[in-house]
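Have a look at this one.
Going in written order, the chains are labelled A, B, C, D, E and F, and every chain counts its residues from 1.
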Amino acid sequence: MNRLHTLHILNKTPDHPRFSECLGTLGPDDAVALTENGVLGLVSSKALSSVQTYALAADLGARGLSEDNLGAAPIDYAELVNLTLQAERVISW
Amino acid sequence: MGMLIIIDQPPYGTWAGREALDMAFALAAFDQPVSLLFSGAGVNWLRKAQDTAGIEQKSVEKNLAAAPIFGIKAILADRAACERYNLDIKTMIDGAQLTDANAELMAQYSQAAFAG
Amino acid sequence: MTHSTTHATTRTATPSFTLVITGAPYSSQAPQTALSFAKATVAAGHTIDRVFLYGDGVHLASALVAAPSDETHWPKRWAAFLEEHEIPGVACIASALRRGLVDGDEQKRYQLGANNLLKPFTIAGLGEWVEGNIKSTRTIYFHAGA
Amino acid sequence: MTHSTTHATTRTATPSFTLVITGAPYSSQAPQTALSFAKATVAAGHTIDRVFLYGDGVHLASALVAAPSDETHWPKRWAAFLEEHEIPGVACIASALRRGLVDGDEQKRYQLGANNLLKPFTIAGLGEWVEGNIKSTRTIYFHAGA
Amino acid sequence: MNRLHTLHILNKTPDHPRFSECLGTLGPDDAVALTENGVLGLVSSKALSSVQTYALAADLGARGLSEDNLGAAPIDYAELVNLTLQAERVISW
Amino acid sequence: MGMLIIIDQPPYGTWAGREALDMAFALAAFDQPVSLLFSGAGVNWLRKAQDTAGIEQKSVEKNLAAAPIFGIKAILADRAACERYNLDIKTMIDGAQLTDANAELMAQYSQAAFAG
């Protein structure tokens, strides 16, 4: 795995101002982990950037979203914990 | 006429939508005319096949399915919001009607309210 | 900087976490996501140094929540987890007093009619958060969504 | 429709209001704006039929808030206003139980260690809101901002 | 005064999704009363529509905004109460 | 390095900004390096001449003015947000610095956090 600078944990809907604020601070070595309502970013017309994107499978399922063809890697809570340790920094939006 | 209860937040992330639904059920229980409008990110309430096993919350799909039985007049969904969230009549639960959330729609109701 | 968030040091020892919850139960999903995260952390063999409740998150430490029988009782669920793993759960005193959450000591100090802090949660200052932030490998925040 | 929100009827009688507060004190400005609105309503000679607390708004009825001495104590301020003008203040029971706000009856029913409802607030169902909505000339909502 | 159909009480910042939702439902005979953080709509680049706009003076002052040249009529709480009675309907956003 | 505390909500309407400021003061009290970043609608914290007499809240201007005295390193304001809210260095309280809230800025801090 490449260097992971900042892991951005994003739990807001794409309509929430903090969703856009988060996208505006992504660096090339960053990754986004979508949680809670943040997973709706994968079906909205608001484009997620080209950084590596993960999404909590539990939250995808609750919102009726398939784990396939969404442009994000589905993860469980254990993988989210791992990502927070792999990253040099974590920001929760 | 009657009351329009508006839900503009998705389910599970916050409780505002659940509490809006309780308001609608209470009005219906007292024979007050009431409809639901899902707007903004709230249209995600209407997506089929919600599986909440992973987050230990009850699915809201059953609550919504019960709405007509309990006397809620209509389940409306803002067309533009549905498009933004990639929802169409096939991927939405049965009984939802597409509409445009604009001044003309609002004028059809004597009151409109959010739960929070 | 004495932070242990630099990597050479943290990769060798057992990773440890401070979790900060700022969203209330039955209003936000934050306490639920945080509990799933906490369970996965412990299951992976990592340490949780403490859980800090801030802002509206202090409502998670209420002893007077009566959830409907078909809904999860998040304060009790969290309390059981903290007791099982002997993890300190601390509610910020400034946030708690403003929001009507008090222990026996604060009840006396402010001459209130009751106290409502759920065991094993305790009430303390932001210094607990600062200390956790310095000591732990990672501090992870769980905010209310929308 | 038996609503009295149609105009011919309302302009003749004394206008009356139901106020619904859904934002919590010390988290939102909703209870403050609502109180200023309520005072202006009474000063204008109008009637307030009731104040209904819903969602996070129920925290306004907490008897255990200990606000810093240089900040306004919103629950006490609201309670004094309600008593002075003999206006019923009602917290929604479903919202209250989930959020840890209970009176003596609910304390017994759920076998809790204390109760924390501030007088003169009472706890009742959404029927109170429905009734206010039918009876009052206007029902005005005070939500949390952002 | 002209017919006032709906009074929209708007207490959200212009960045909040409900601010835009409100603007999207304004009719020609409607009016907007900006309260709390809603008064910041008067200094943001997000244009308020052409409907009659009021703003609570107490909230303008708290946020350091002048009552002049903002494109809204400053009102006190008594005037807000009056507006809710003059309007046929009131929606709080 | 150090912590960046981010405030993206205006004062008075919510308590999130006040509680963020308390976090910054606590860090400074324990000699931890900390700066404040005002972004989005949060830049309205920085507008001069806030008069809170009408809403019975304490003005936050004094709290902010005390920040450097208590050891907070910098008060930063996102330039684009300031422009959106018609704020410039003349209409802002003394001591605030314009910056761009982007990846380069964030990389200068070992941690970044919101209060809620």
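Here is the rule we use: a residue touches a chain if its C-beta (ideal position, glycine included) is under 8 Å from a C-beta of that chain, and two chains touch if they have at least 3 such contacts.
None of these values were measured; they are calculated from a predicted model.
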Shortest walk length in steps over touching chains, subunit A through to subunit E: 1
Reference subunit F; chain at largest CA-centroid distance: B
Label of the chain whose CA centroid is most distant from the centroid of subunit D: A
Top chain pair, ranked by how many C-beta pairs fall in contact: C-D
Distance from subunit F to subunit D - Cα centre to Cα centre, in angstrom: 33
Cα-centroid distance, subunit A relative to subunit D, in whole angstrom: 39
Computed distance of Cα centres, subunit D from subunit C, in Å: 30
Multi-partner residues of subunit D (each touching 2 or more other chains): 5, 26-27, 29, 36, 55-56, 71, 94, 98, 141, 143-146
Where subunit E touches two or more other chains at once, by residue number: 11, 13, 15-17, 36-37, 58, 89, 92-93
Shared interface positions of subunit B, touching two or more other chains: 9, 12-15, 40-41, 55, 57, 110-111, 113-114
Which chain pairs touch, all of them: A-B, A-C, A-E, A-F, B-C, B-D, B-E, C-D, C-F, D-E, D-F, E-F
Subunit A residues touching subunit B - in the complex, by the definition given at the top: 11, 13-15, 36-37, 40, 43-46, 57-59, 61-65
Subunit D partner contacts - residues on subunit F that touch it in the complex: 9, 12-15, 55-58
Parts of subunit F lying in touch with subunit A, wherever the complex brings them together: 8, 39-41, 101-107, 110-114
Subunit C to subunit B touching residues, read off their complex: 26-29, 32, 36, 70-72, 144-146
Subunit C partner contacts - residues on subunit F that touch it in the complex: 1-3, 15-16, 19, 22-23, 26-27, 29-30, 32-33, 110-111, 113-116
